[in-house]
């Protein structure tokens, strides 16, 4: 079945298509979430080292992964928008940022809550933790920059340049922080020493990862739809849409 | 009319909501930079913490001094304020207060969380917050004098730091001193009362000095 | 009412003018004329107390303005080369706030009426930074419509205005003068304003 | 079933504060995000509904489509 | 013409001689504030020294970013640069270089003296100077991107810090890392070569990204 | 030489003008006219490539200006509402540096001659910030005397100028047009310029 992809790259047709997709992904997310939580809380056994505290893993790891992934996806779409001047991809990048920032915050928050019982402190200046914090700053920088610019086209382009510069910087930051840390002393705690996982734990975690994927897609699509409406409010097709909705 | 000034400045800040957040995040980032350049040993970080937080608060407040008057100067609003029938000192007090609301208050609210990053004990966090609450308005008030004096001078941003930092030093010493005293299990009341005294004195004199500096700068 | 006697203006090592005297009565218009750099702006800034003359005295109702302070400022409105509008605030907000600072609080409706009169209807809620040069000028001038001061000091109010706006200003000035107000202004353009008395102050 | 009772479930082996603190904040964020978006959509709709009639002519003349 | 840009910016800086000095004094003051707020134990100060000097250098360089383009923007010169027949990237490179000459070089020269205050050994002083010499131009180059992106935005001064500080972090880590490695009697060559690599990369890419940002900002 | 076809300008959610077409030949003068806010400045900024039209194309000698880049910029001089002078530099320095940035290096003597022609003699070594509004404008306009570009795009060049300076500009424009140059300008004031061909582009 051949799909005309270009058809969907126009905001108008994307709007109607995504309208159908949002509920699907939302329901998928809910179902996976319930399944994941069930496995996490009622199937997975107690960890012999960490006790019950390890159950934070079912949101910590998905959040941490999503935070990094979403930055890449955001920079990708922003770059496409800059290079090919496609409105839709820039709007996607704008829509991804808040969700990415939220997952970054969640990774930090759950990590901190996990760290207190496990390491005895909320925070250490460990490589992974520090680079996650910087990632949050990058997200916030991107959003603040876009918020500070009134003209959406300019905001798109400026944000794209920043996101691309940031993406170059992420590996550098990650390795520099890691190196900086190990130079002084062996890190007092290493995340790599997590105990080998029971399969049920792993399944639960993976289900939760999928749930976060579905959730992200749903939320981002939902947000991008609002952004499309906001930006294209003066066009004929939005006026048409309004008329249809008013009639209903 | 005092309220109009505050309202206007807050409105301007709200128009660019990011303004409020950026001062805050600047503060957060500077505080987070130190462990990056000093290294991650927790013991050392804990001793540094009050100093670092206070220096960061001071820098954050100082950095935003530039915009207290300069945009009003460039577009002629300040000229209009000088020939306004209202008391200039009061107008200035309004502007300093708005500056504090936009830059100082968020810092005070954020400080405890940053203190946690440096693993400070709970009581020290409390003292830190109180000392910031008393100290940051002083920073805004004194800063206003510096901002007024350097108005329209090129490189004002850096010049203002030069003028203002020496005046900030007592606040810095007693502010961070209070927290250190608490951590060393000594009394910290004296420090806080001194900060309170600074606040009162600057509330009375700073608007007046600022008004005078503005008149000089605009001549 | 307003009197200047033997005013001297020195800028750097240059004396721009000396021994300028004038007096202005209610209903009077004073045009300050002269080529570029002859000291018109410097003169106006002296008249509103933003700078001091090197010699001579300016008095309002017989009292030196430097000793009057706020009392003088509440009967005087000055508009310089800079318009005093905030790029980030909307047109209405700018007008309301600048009026409030000048000592007169006005409400939304009054502000909108004044703006409409200045030909800015439909732009009330735009931030000033997107306006054109002439529109910015109109926003600043709209304050003249709502202020209730006796003495207006205007530095090139017509710059950047188009023909219809110049007409508008002309009407506005005549109305003010007709009500016993006073106007001091500079301009390089031709403008016909009928006033009870018109003085021309030629510099250099 | 690995839990003896609900109270044991909520206690999480003494780590209740941490585990539930994580989950509650997570769900608050997730739900908050969804609500924020719906709210943004609603304000947009309202904005449109309000100015639609009075501006209708103008929009017709000045749209660029 | 590249030279004209540099010449012009230096001339402007010279016209306000205080500009150069104020960045320097800001640096000096921040470095000297720390002993005031942290307390006078020499051992601790010595360990902190590289970190503090580097953070101060970073802040000093960042603080003066605001003026890299904003005055040119306000008075229309930047518009003229965009429609100049010369390559915009080259013009931008000139401006970044001028910025470094005015803000970076004085810091590099001053750093050893401040290091002495913190009782650093001679070799560490040397490494500190070299690391600053390699690192500060990177700060100016990356900073130019941030300054260009925030051009004409309100609260630009603080926003620029927010954008630029995360990008500065690797420079900070390797800069202060080099000195610390030296003090811990480890090799510091790797750190310095990495700083050199950053310098080369940013020399190539930053002017280009800055030029693109300027075009976006001026649209 | 310079051609615009079916230009459309959109600002915010407002369409300022549409389907504007023109063509300008050597020796031709184009006056862009219209009330405040009609899009004159926006038009000129498009013509010099600082912003892009929402629709339509602008071409120089048959090639779109967006693809010409530096080649176009070296035959074109733009002067906007902002004068592009540095407050802290002296008058001579400003002129020399702005010329150099625009692609033509001139020496001290040439600069001084141009300034003298613009009536700024005796002010050459003052920093621009102490000059009057009209004098600043003259400093910016002095660049027209030394530049050797074919196309001048001037946005209200007469604002703040006094009568004698307006005469001077008139002569300058006529000389340029006589030598086969082209001028596009806006103004709200009356000015008589004789040219091989004069087009009036009326907006809104």
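All chains are identified by letter, namely A, B, C, D, E and F, in their written order; residue positions are counted from 1 within each chain.
Here is the rule we use: a residue touches a chain if its C-beta (ideal position, glycine included) is under 8 Å from a C-beta of that chain, and two chains touch if they have at least 3 such contacts.
Everything quoted here is computed from the prediction, not taken from an experiment.
Asker: What is the minimum number of touch steps required to go from chain A to chain D?
Answerer: Tracing touching chains, the least step count from chain A to chain D comes to 1.
Asker: In terms of touching chains, how many steps apart are chain E and chain F, taking the shortest path?
Answerer: Counted as steps through touching chains, the separation is 1.
Asker: Averaging each chain's C-alpha atoms to get its centre, pick out the one most distant from chain B.
Answerer: F
Asker: Looking at A-B and A-E, which one has the bigger number of contacting C-beta pairs?
Answerer: A-E
Asker: Can you tell me which chain lies farthest from chain A, using the average of the Cα atoms as each chain's centre?
Answerer: Relative to chain A, the chain with the farthest C-alpha centre is C.
Asker: Roughly how many whole angstrom separate the Cα centroids of chain C and chain F?
Answerer: 30
Asker: How many angstrom lie between the CA centroids of chain B and chain C, rounded to a whole number?
Answerer: Whole-Å distance between the two chain centres: 37.
Asker: Distance from the CA centroid of chain A to that of chain F, rounded to the nearest Å?
Answerer: 49
Asker: Tell me, which residues of chain F touch at least two other chains?
Answerer: Where chain F meets two or more other chains at a single residue, that happens at 13, 81, 87-88.
Asker: Do you know which chain B residues sit against two or more other chains?
Answerer: As it turns out, chain B has residues touching two or more other chains at 12, 15-16, 18, 22, 25, 29, 36, 39, 71, 74, 154.
Asker: Two or more other chains in contact with one residue: find those residues in chain A.
Answerer: Expected reply: 137, 140, 144, 148, 177, 180, 184, 233-234.
Asker: So in the complex, the part of chain B that touches chain A is made up of which residues?
Answerer: By the definition above, chain B touches chain A via 16-18, 21-22, 25, 28-29, 32, 35-36, 39-42, 45, 116-117, 119.
Asker: Flag every residue of chain E that touches chain B in the complex, lowest number first.
Answerer: My answer: residues 12, 15-16, 18-19, 22-23, 25-26, 29-30, 33-34, 36-39, 44, 47-48, 50-52, 54-55, 58-59, 63-64, 66-67, 71, 74, 153-155, 157-159, 161-162, 165-166, 169, 172-173, 175-176, 180.
Asker: Give the list of chain A residues in touch with chain B in this complex.
Answerer: Residues 121-126, 130, 133, 137, 140, 144, 147-148, 177, 180-181, 184-185 of chain A touch chain B in their complex.
Asker: So in the complex, the part of chain B that touches chain C is made up of which residues?
Answerer: Per the touch definition, chain B meets chain C at residues 1, 4-5, 8, 11-12, 15-16, 71, 74-77, 79-87, 91, 218-219.
Asker: For chain F, which residues are in contact with chain C within the complex?
Answerer: Those in contact with chain C are residues 11-12, 34-38, 40-41, 81, 119, 123, 126, 130-135, 137-138, 156, 159-166, 188-189.
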